[in-house]
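Labels A, B and C are assigned to the chains in the order they are written; within every chain, residues are numbered from 1.
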Amino acid sequence: MARITLSDVTKSWGETQVLQPMSLEIEDGEFVAILGPSGCGKSTTLFLLAGLYAATSGEIAFDGHTVNRVDARDRNVGVVFQSYALYPNLTIRENIAFPLRFQQVDKAGVTQRVEDAARQVQITRLLERKPSQLSGGQQQRVALARALVKEPNILLLDEPLSNLDATLRIAMRSELKAIQKRLGMTTLLVTHDQLEAITMADRIICMNEGRVVQIGTPEDLYRRPANLFVAGFIGSPPMNQLAAEAMGHTLQVGRMRLPLTRALAGPVTLGLRPEDIRLGRGSIAGRVQMIEPLGREVFYRLETEMGPLHALEAGEHPRFAEGEALGFDISNDHALLFDGYGQRVTDTALTARAPLDA
Amino acid sequence: MAMISIPDWAALERRGLLGRLGFLSAVLVFLTVLTLPLVIPYLWLLVKSFTAEGDPMAMSVLWRSAGIAVLGYAGAVGLTLVSGRAPAQAWAVLGLVLAGLLALLVVPHLTLENYRFLWTRDIEATGARSDMMPSIWEAMATSLAFALGQTIIVTVTAAPAAYALSRFAFVGRETALRGLLILHAFPALALTVAVFVQLWFMGLLNSIWGVMLVMSALELPFTIFVLKSFFDAAPWDTEMSAVTDGATRFQAFRMIVLPQVLPGLIAVATFAFLRGWEEYVFVQTLLLDNETLTMSLYLFFVAQDSMGADYGLIAAVGVIYLLPVLVLYIFTQKYITQMNFGGIKG
Amino acid sequence: MMSSSWTASKADTLPCDAPGLSGRPNSRVIFMHTAYRRPRPTRPILFLAPAIAVLAVFFLGPILVNTVIAFTDMGATLQIDGFSLGNFQRIVQRDMRLPGILLTTLVYVASTLLLFNVTLGASLAVATSAVPERLGNLFRGLWLLPRMSPAVLYGILWIWIVDPTGAGLLNQVTGALGLPQMNLRNDHPLMLIVVINGVVGASFAMIILTSAIRSIPAHLADAARVDGASEWSVLRHVTLPALWAPVRFITMYQVLSLLTTYEYILIITGGGPVYDSTPYALYIYRRAFENGAYGYGAALALGLMVIGVVITLLQWRLTNMRDTFAAPKIEVL
């Protein structure tokens, strides 16, 4: 219902600039997540869109109209705050009806819309209670209903699931996504939880230190991270990062040498996802140091010719014992190279499974 | 959904601006109008203390300086609010204009004559009734000794008591706390009569020590509770580790806990000092002869002397009396605001 | 004795440092608790002794003295002739001034409290919190001036303001506006003492309510703004509801202090003309010290003390005192 455009938007508090010039576009009806560690400027971006903070420079536009100087109350955005921010003195019904006080809605209309919104998030039984009588998950639903009841053009969610316990969080993830698809409003989710971003969003904006580091689909960020920050931030357990030295068509990793498709020189970093290490059927030598069964997967800490590696394998029971020597190989398609500045090298890849010297 | 309408963003922008400005200016006007009558008497005190007694210009100096103050206030508010971050030059211009106006309209009519008591030891030259009045220096010394003495008694007795009530588990602790709370809320001023009689029997009437001890006792419950809340807030871990490291509870108190509640000690000491410095009713009632005068009594007698009272002198004494309070308050403000009584921060 | 018991406790504490226990901070406390049930009351007494001594002689002492002389007809000579209930009979049956004094007290306390200590104080807290921080601090600082000013100085300022001659500040203003001269001390003494105490009292609520407003989660106001509330609506729907609880506390607290203090009134109007601006607390003082009726004053004071204690007990019912009485965490002495 609204397309959001940010052009060179910055934000400073006094001398400290918390947001470097930021430009991006969010399509109508899109579900976008802003992902990053705490203090990276993601909540600042959200509050800029809500109109609660004023941009220091740059332009924020909804559907092509600049809204920099439009008050929060006139932007028709719905916000779910991390703390839920329910009005403690009002009942749940009054909380949800609160935004309608400021619109010309008659009494019957208010009742109707409050109950509709309550039904969307399944809290119709709680309408006469006070916020303090509700559990965290219920408060979260009320906050969502209050954001939805005014039929906003844009829905902004600030870490909405971070105060919920793990089980509830998983349930709410799919529920939120379903509600967004049903109502179709442009939605921006701010989160530090990569799993949340990956499972819910159509697109992810990854931020670090006040800068956008990568924008892309979850798949993009996982398989084609733009740099070491994204590579390390996304994925759990995180990507293996091995210091390596490129010498022409050869890559020296630890005691290993691997062939490259294109000549490259200087120090680089080799990135390998733990699940892309295929144990027991390759010629790279290693030894199991420690085994951590995770339930459906087994996590191995290995000491190898390339250096220390973490590997992940599906299955309930470990196939190897601690201290056992094994051979493995790596999936070339998914091995990533990062240059000395931490940027991913896009035009070069490993070519062979077998090491050069084998 | 129902409300798909294209908003008129430009109109909303205007409405928002007007709404914000309207709100802010309404609040500012409210505050200013309410506060002006409060400020003018204090300004008058200042003007009076710097103008000659009987000077017909005194009143107009007051209104002029009030006008300049309002102008400065309006200028400063305008610079900060309307134009956002005003450049340094704008502030400099404002400062210059104000200084110029002051130099032209106010300064020529000012005099230091009323403050002559500060450097003249001759009492008659101070204009006060010489047969009854000691010099203001004596009154100030008395007040200072009185306030300091009270401060020392109160803090030295309250600190260990507050610590014991906060940190020791002993039989009767809660009873002691409840008793103290009752004493804290006790209408102490209603005890004036009994205190008078008791001090007379004890032979402490007319003695500065008697008043000091009475005032300290009346201050104690409040002080103990404020300090107790500071002790309550001090972390247990360090004290526990001090005790397991081999310190006695008294050593832990003196070396570990007391330094942590220093802000609290400063706050209660400030309060005790100010209470002693300004006390009127008890010193007036309990110091019968006029041999020992505190500042409050001195000022009151000077002011009561309607026969040829020198208002300029009174104002000057008042300013000198107020000054230490303000200075002390400014320096200890950050400690005082940490005070906490019964769960309510003040 | 102290040192020998200390060595024992040192030995007993040793197991706490065993690696298995050190990771759990509470284990140490629980252990001590079980090991040191033996009460040793000497040490808390040492800490409390100075305070208890001062309080006993100069606070509890006067309370006792007051109670005793309330039953005597002690006069200016400070002689005690005998004990009787005469003072109380006089209070109930023969004191013609008392009904008027009680009415004055009621009007004085109620209007100071409602108009100034609560309404003005709350308005100041709300307004100073709504303007930029530094400006708010300036105004709060100015409104603290009367509270910080020594009572006598504050009194003199008021005496100058309401001076009945043309030199009074108020009459300067009314003169400039073409209004007749006023003599508030004579004509409206009750109103005057309400304003005098209210201007000081307002800062109490201002300070407490300001910190109450500051402790409202910032996101609550943000949520209201996003929901469409104007700044006025934010005040109405977010700020005001947060003030009720502290206002209740302020009311209880200030009723008591208004009932029992009379310093400003004594300085400015002296309770006059006649007894027109004399609330109960000042009445006690005037009876005792102006008329030299110490016994009667003490009897009147006894009444005020009872009221004070009753209000305090009521206050305990309303406010949560659990934290104040919370048990210490180290149970060993």
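By definition in this document, a contact is a pair of C-beta atoms (placed from the backbone, for glycine too) under 8 Å apart; a residue touches a chain by one contact, two chains touch by 3 or more.
Here the structure is a predicted model, which means the values were calculated and not measured.
If every chain is a node and each touching pair gets an edge, what shape is that graph: line, ring, star, complete or other?
Graph shape, chains as nodes and touching pairs as edges: complete.
Looking at contacts between chains, which pair has the highest count of C-beta pairs?
Looking across every pairing, the one with the most contacts is B-C.
Among the chains, which has its CA centre at the largest distance from chain B's?
So the chain farthest away from chain B turns out to be A.
Let me have the rounded angstrom distance from the C-alpha centre of chain A over to the C-alpha centre of chain B, please.
54
In angstrom, rounded to a whole number, how far apart do the mean CA points of chain A and chain C lie?
It comes to 54 Å between the two C-alpha centres.
Taking the mean of the C-alpha atoms as each chain's centre, how many Å separate chain B from chain C?
Roughly 16 Å separates the two chain centres.
In chain B, what residues contact two or more other chains?
Where chain B meets two or more other chains at a single residue, that happens at 19-20.
Identify all positions of chain C at which a residue touches two or more other chains, and write them in rising order.
230, in rising order.
Identify all positions of chain A at which a residue touches two or more other chains, and write them in rising order.
71, 73-74
Where on chain B is chain A touching in the complex?
Interface residues on the chain B side: 1-4, 6-7, 9, 12-13, 15-17, 19-20.
Within their complex, state which residues of chain A touch chain C.
On the chain A side, the touching residues are 47, 50-52, 71-75, 77-79, 81-83, 85, 87-89, 98-99, 101-103, 146, 150.
Taking the complex as given, what residues does chain A use to touch chain B?
1, 62-63, 65-67, 69-71, 73-74, 76, 151, 183
Considering the complex alone, what residue numbers of chain B touch chain C?
For chain B paired with chain C, touching residues are 19-20, 23-24, 27-28, 30-31, 34-35, 38-42, 44-45, 59, 77, 80-81, 153, 156-158, 160-161, 163-171, 173-174, 176-178, 181-183, 185-198, 200, 213-214, 216-218, 220-221, 224-225, 228, 232, 236-237, 239-240, 243-244, 246, 248-250, 253, 274, 277-278, 280-281, 285, 295-296, 299-300, 303, 311, 314, 318, 321-322, 325-326, 329, 342-346.
Would you mind writing out the residues of chain C in touch with chain B in their complex?
Within the complex, chain C touches chain B at residues 2, 6, 10, 13, 16-17, 25, 28-29, 39, 41, 43-44, 46-48, 50-55, 57-59, 61-63, 65-66, 69, 74, 78, 120, 123-124, 127-128, 130-132, 134-135, 139, 142-146, 148-153, 155-161, 169, 172, 199, 204, 207-208, 211, 230-232, 246, 249, 256, 259-263, 266-267, 281, 284-285, 288-289, 294, 297-298, 301, 304-305, 307-309, 311-312, 315-316, 319-321, 323-333.
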